[in-house]
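Look for chain A in each of the two complexes below; its partner is chain B in the first and chain C in the second.
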Partner chain A sequence: MKYIFRALLYLILIAPLLLFAAYAFSTRWFFPQPFPVEWTTSTFQHAINDSRTLSSMAQGIWIALLVSVLSLILALPAARVLGLRQFRGRQLAWLLLFLPTIIPPLAIGMGLNILFLRIGLAGTITGVALAHIIPTLPYTIFTLSSAFARFDENYEFQALALGANPLQIFLQVTLRMLTPSLVVATLFAFLISWSQYLLTLLIGGGQVITLPILLFSAASGGNPATIATLSLLFVAPPVLVIAFTARQLNQHGNQIREQY
Partner chain B sequence: MTTINILSLSKTYPNSTAPVLKDFSLSIHDGEMVALLGPSGSGKSTLLKLITGIERPDSGDIQFDGSTILNIDPNKRGAVLMFQKSYLFPFLNVEENIGFGLKVQGMSSESIRAEVKRMLNLIGLPGIEKRKPGQLSGGEGQRVALARALVTNPKLLLLDEPLSSLDTSVRMNLQEAIRSIQRELGVTTIFVTHDLGEAMAMSDRMALLLNGEIVALDNPEALFHRPRSLAAAKFMGVSTFLDGDQLTVKNEACSSSEKIFAIRPEHIRVQKDGCENSMQGVVSDCVFRGEYVEYQVAVNGTSVRARMTMPAPMFPHGEQVYVNFPKEHLFEVEN
Partner chain C sequence: MRSHPLFSPWLSLAPALTIITVLLGASLLYAIAESVGYISVIGQSQISLDAYRATLQLGSEFWTSLGFSLWINITSTAISSVLALLLAVWLSERRGNTDTLALNWNLAFPHLVWSVALLLFLSQSGLLSRWAATLGLITTPADFPVLVRDRFGIGVILSYIGKEIPFLTIIILSVLRSQSVGYDVVAENLGASRWQRLRYVTLPQVMPALLAGSLLVFGFIFSSYEVPALLGVGYPRALPVLALRFFLDPDLRARSEGMVISLIITLIVMVVAVVGLRMKDEG
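Take a look at the complex of A and B:
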């Protein structure tokens, strides 16, 4: 029974990807045919060889990495305080942090665009990355603060008493204790940034082209093979990253569980 | 190696009015093990936090070998901690855990390996270098935590109820192990506990703490037999206190009728016939405990707890008896 469910789950997850693949690697797939009759890689090769596709992917990955690092740096101190301390105004802090997920991104994007135009960040990768932090930060803080809530500061006190300085404690104890949650938080930030369309369009203003932007313009163009190809490229990095980290996360999870 | 002087230390936490420590002073000799015994909230753990530097005192001073440590960073004080939980780093194996303190201080990895090996022999667990903390039993974990603390050659070892999460047999074992290792290395030690037996078995001197103040400080034997104050006596398990005028025959020490006298439960005799210094009462409870019998006798509206070693008479509930306070065992306590 368990295996049937598992197989079903895999099928549901993989089916859309298979459909994309079928569209991307075939020509002239018409209604009554259950499967494409003519297979070809020409659309795929065309898309891969298109410099716009590659540069948009490179830009997207670069921005997503930048956003991941920046939101981790911003989230760690906030998450620590929210996870470990009780203080007046804690609820308010949470509300303010989650506000960007409630307010429509269009409202933020438009306002931010005007500000970024004025200070020269509009149309730059830095500007887009900074804008992406708005939707990623709530998720990274949330993930890390629940990790801190389970974190026992006595581990740090131990390290302190044994002679470690604050930097050594942070790098060799705190970060390593939190590794699984850090990976998850980074993943969140990366994926949210990677799939961000609206903020990239508004702040990038046509100068910063990421894959979602290309995908949307292809979608309005209406060639199913191109759309399917770009979609496959769009899901590739997240799938790879998750597949890679899932193993690591499991190992870490087991280690942490052993301790308790 | 180190003499510790704690001089009129005071600490009040920001959100409370009552001080956790009031004008607290304590001197600990080189290589001595002092037990701090007190109920929770008596300031024991706060004192450890102040010594390690996790918290700062409001006033007072802490000196190692005569010089203050308050302006030294916590990681350079040389005061190591061991808690109730081992707090071994779960991502490091036993060797890396024990070597942690030496590694952050920049010792070479060969020297670390040798030191770790020496410590593992000392704690009686040779050859477990590559095990992960999750594969250790509670007692083994605490031994490794002790090794991790002592390998740095600390000036002061602070033990914060290190045995209270362990089974009785493991606990007795570790009491002896900690005591002998502490003596062998001659490391000055403060041992926090709420277990009287443990404090007596392990320490050179005991400090009894109540509401941030020391109510008594002496070696375990003296404190056990002749606590000087009412509070100290209660700590040491004495529950029977008598006004001087209740006694018919007094010993030399018991001269005034205004003073309070105490007697340990195992010195009180419960018997059928009255004699000097006895009171009539009714047995309300009589429990056979194997090595001794424990009695509760209602005398003049208060309950007197007594213990008699075997062979001892058993009395049924409601029996009329006399409780006798032998004069040689009565001692005076200050209120």
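Take a look at the complex of A and C:
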């Protein structure tokens, strides 16, 4: 009995992928038939050769890369002092950096929409990337600061005593010791940006089209095969990332869950 | 990069803090300016509370949407909490990380994709409907009950439940696994039944974390746009959907009302979040 329950639980977890695959790779699957009867890759090929799909994926990847690199650069120094130092106003700093996780993206996006329209950032990739940093930065800082909290600075002093220069220390001691957390932080900044719908819609204003935007409009009235194909393309990066970082997720996964 | 003890920590914090406070502060300021009718786009610069009045007057769509949002919120949060509790208690009987890994898998599907999956599965010509037809329960797609894009928000609620159960289960599981098994065994030795153990031993242990988690879920659902926009109907619409429709309305007066609604949502979500975080810290 227990095994049946557990098997059912695991089945539900992979069900979306099976469902998308069934719709994406089948053809002439009419109403009463419980399962696809004819398999084809033509819908899928058609979709991935479509210039709109391709450009939306390219834009999404470019924005997400930009966002993860920028968040990392902004987060590293902040996370270091938050993880290693006690100072006056530390709580205040936490609170401010934590705010984006409380204020709804809806309100942030609507306000930024007006601001970015005025300063000419609306409808640009820079504008969208800047907006995406708001939800990714707190997460990157949390992940890295908990890594810094376990970090022993004496390794750096030792390297210094042995004659390493600051750049060498940073690259070969600090970054290397933080690698697992850096990887997780970067990947998830990438994912949060990649799957961002509302902020992209409000800042991109129809000029910056990413995959979630395309998927949303398809799902509001497209055919099931197209919807399923776009869904598969959309979840491919998250599925791969989760599969490869499953272990680290035990520590950090739930923190970002509500970001998308 | 090496930070010297004499070096002010605020220098390191400055880039991140500047980006966050400038962007958040500016967006909030613009939101408030727009909500009081200070719309620079059309050159109108007279401050008025008309949008607030129009939004909050009796019989406006705001109240219908607020009711609908609360209905979706309370049902989804309550059902997910109960089911997550049961699932966590059941899963906690086995050690090991496999189940947590499996639950984390749900992260691979953002709310948008998860809703799309429900749409394909539960619509009247969807997979479940086909299975029902194969079993002879229905004959045409129209016989299948409307479960998505329905008036009662069933599709929306189902979507949230599916996403929030794993979230809450992980929270509860981590509490259960951090406690020693002792209490449960002691209670069992003293003759407590399975139900009594759940009620008097497990529940008090996980309650603070579960409540805090539920409030986080509540706050998230209250301000989330994609799910009700995709799985809901034109009327009644959830508050975030209403806010965005007003905001994107070509009529600029409607924009102010959209802003008002979005600010009200923000206020409610922030209050709920603060209460939730307090509980989490105490728990």
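Descriptive notes on the structure:
Everything that follows uses one rule, which is that the second predicted complex is superposed on the first by the 218 of 260 C-alpha atoms of A that agree within 3 Å, B and C clash if a C-alpha of one lies under 4 Å from a C-alpha of the other, contacts with A are read in each partner's own complex, and residues count from 1 in each chain.
Note that in this section a residue touches a chain if its C-beta (ideal position, glycine included) is under 8 Å from a C-beta of that chain, and two chains touch if they have at least 3 such contacts.
Computed from a predicted model, the values in this text were never measured in an experiment.
Legend: residue contacts after superposition of the two complexes on their common chain; A:63 is shown touching neither chain B nor chain C. After overlaying the two complexes on the shared chain, residue contacts for A:104 are found with chain C alone; chain B is out of touch. Once the two complexes are laid over each other on the shared chain, residue contacts for A:246 go to chain C alone; chain B is not touched. Look at A:96: by the touch rule set out above, it reaches chain C but stays clear of chain B. With both complexes superposed, C is the one of chain B and chain C in contact with more chain A residues. With both structures placed on the common chain, the touch criterion links A:144 to neither chain B nor chain C. Comparing which residues of chain A touch chain B with which touch chain C, the overlap comprises 160, 256, 258. Chain contact summary for the complex, chain A toward chain B: residues 152, 154-155, 157-165, 168, 172-173, 176-177, 179, 255-256, 258-259.
Of all the residues in chain C, the ones that touch chain A in their complex are 1-3, 9-10, 12-13, 15-17, 19-21, 23-24, 26-31, 34, 40-41, 87, 90, 97, 100-117, 119-121, 125, 127, 129-131, 133-134, 140-141, 167, 170-171, 216-217, 219-220, 222-226, 229-230, 240, 243-244, 247, 258-259, 262-263, 265-266, 269-270, 273-274. Across the complex, chain A meets chain C through its residues 5, 9-10, 13-16, 19-20, 22-23, 31-34, 73-78, 80-82, 84-85, 87, 89-90, 93, 96-97, 99-100, 102-115, 117-118, 130-131, 133-134, 137-138, 141, 156, 160, 166, 169-170, 174, 195, 197-198, 212, 215-216, 219-220, 224, 227-228, 231, 234-235, 238-239, 241-243, 246-247, 249-250, 253-254, 256-258, 260. Residue ranges of chain B in contact with chain A, taken from their complex: 52-54, 73-77, 79-81, 83, 85, 87, 89-91, 100-101, 104-105, 132-135, 148-149, 152, 158.
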